[in-house]
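Letters A, B and C mark the chains as written, and numbering starts fresh at 1 in each.
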């Protein structure tokens, strides 16, 4: 399914930061996790993940380091920082507000009855 | 660490280390600060800088403090921007009763090979207290003579800053004079080659009047002589 | 940069893709890192396809196509790798390395060497069996930026029956300026007299280098029964005058602590 790019773009940072909060990952790993968890709803152009990761690193939300992956090869891992954790919390809050507001609008008649 | 943080860290390190070098090390970025530190830690001065002789690899500060004159050498360290304190000759009391009162010092220019080095740089400096002396001649080495025309004692610029920079070229001779509040300051600088069998510092220094009459003669061996009226140079 | 400049017969789809991406990234010092990361990703995706049974060459083409448009990706990456910031960061790295190197060579190494010196106590050089009396004190004077602290005087004799011996003055000095440069200081320019007015000459001494200089000055021919030592300095409008009451053995106990060894002449 091809979702509107705007939606994907806006919440990419939120999703990537949530994944990194659980554990450090490298780029390909993040793509695989996104595919698996979203039941393949999101199919990026995979390359577009990297500008996002680099921008997050410039902003100080993540740091990167080289590490040997399970496959035995060297990969660039990303780790969330304290600043990134704060940003994650903020984006989740905004996402909650956003999705609740959208839901309210969509189910406007039902809201009145709740 | 992201690039911005690394940049800030690098700038902080640069600033911190520069500050450390500037304040703590024995090296200076400005020769004049080296001169001031050299004076103050010898508990002399503070002198007025009469003249600065620039010899490329070293600068010579000629200072006047009350009735004393001094010479301080500030040398370059290995890097082009660093200076360090060299030799210091302090507090020669000026003899105002003498018309010609030269001080002299010399040191070996090292060429890293022998103790005689690349020769000796000899500096002869002092004040002329007799306004009728208008020309100085210095005889050194194998008969070389340096001539120096002296400016008027009230050279007009004596009221302004007296710090003058004189170039002391490496392989030639130089001479300079400045009027100052203390009389006319003179400076000769020359190089004696290493194997010179010539006299150690210089042979004689003569002060002549405007009509070429010999008024005074000074040699390091005998001191000041005032030639009798019928002697000629 | 011409994206097709490489001979397409010899370069793989990955190489073509990557050079197209990198052609849009202006700061070339980041090219190697970006290239490696994207290449790793393409390889992982290619391995994934090969596990599913796709053949090598086709897997690679598929993997590259998954990455998306090369030019778009290159532009997006270029926005995150600013050449201005990159250059400033590189230059700052050089400046920092040079300055740290200079700081270590010019300050920390010499400082470390000098710091060890104060721990060599100059008083240890005085032969213990020659000590007749020693006396601690804390006399401070300052000239210009230098603080001079007299700590101890020790009187020694090689022959205990003689009238004179050597007086050792142990003192420290430091300069309040931050520069650890400049000249050291000895007491050789001072005048040393006792209560009778007789003058004694500086006969030797030594001092340690470093920010705190520990020094020792010796006066030969100093009388055993001297009661006071006067130290006078007067040069170029700096002066100080120090009086040190001395307690030779047999002169009774005094408020100043000292060690009076037995066997001395009763005065």
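Rule of thumb we're sticking to: a residue touches a chain if its C-beta (ideal position, glycine included) is under 8 Å from a C-beta of that chain, and two chains touch if they have at least 3 such contacts.
Bear in mind that the values here come from a model prediction, so they are computed numbers and not experimental data.
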{"item": "Interface with more contacting C-beta pairs, comparing B-C to A-C", "value": "B-C"}
{"item": "Farthest-lying chain, centroid of Cα atoms versus that of chain C", "value": "A"}
{"item": "Most central chain, judged by mean C-alpha position against the global CA mean", "value": "C"}
{"item": "For chain A paired with chain B, centre-to-centre distance based on mean C-alpha positions, whole Å", "value": "73"}
{"item": "Inter-chain centre distance, chain B versus chain C - centres from mean C-alpha coordinates, in Å", "value": "33"}
{"item": "Mean-CA-position distance for chain C and chain A (Å)", "value": "49"}
{"item": "Contacts with 2+ other chains: residues of chain A", "value": "58"}
{"item": "Of all residues in chain B, the ones touching two or more other chains", "value": "3-4"}
{"item": "Footprint of chain A on chain C - complex, ascending", "value": "21, 34, 36-38, 40-41, 44-45, 47, 66-69, 72-73, 76-77, 79-81"}
{"item": "Chain B contact footprint on chain C (complex, rising order)", "value": "85-86, 88-89, 92-93, 95-96, 99-100, 102-103, 106-107, 110-111, 143-146, 175, 177-183, 185, 235-236, 238"}
{"item": "Residues on chain A engaged by chain C in the complex (per definition of touch)", "value": "26-28, 31, 44-48, 50-51, 54-55, 58, 71, 73-76"}
{"item": "For the chain B and chain C complex, residues of the former touching the latter", "value": "3-4, 6-7, 9-11, 13-14, 17-18, 20-21, 23-28, 34, 37-38, 40-45, 65, 68, 79, 82, 84-85, 88, 91"}
{"item": "Residues on chain A engaged by chain B in the complex (per definition of touch)", "value": "57-60, 63"}
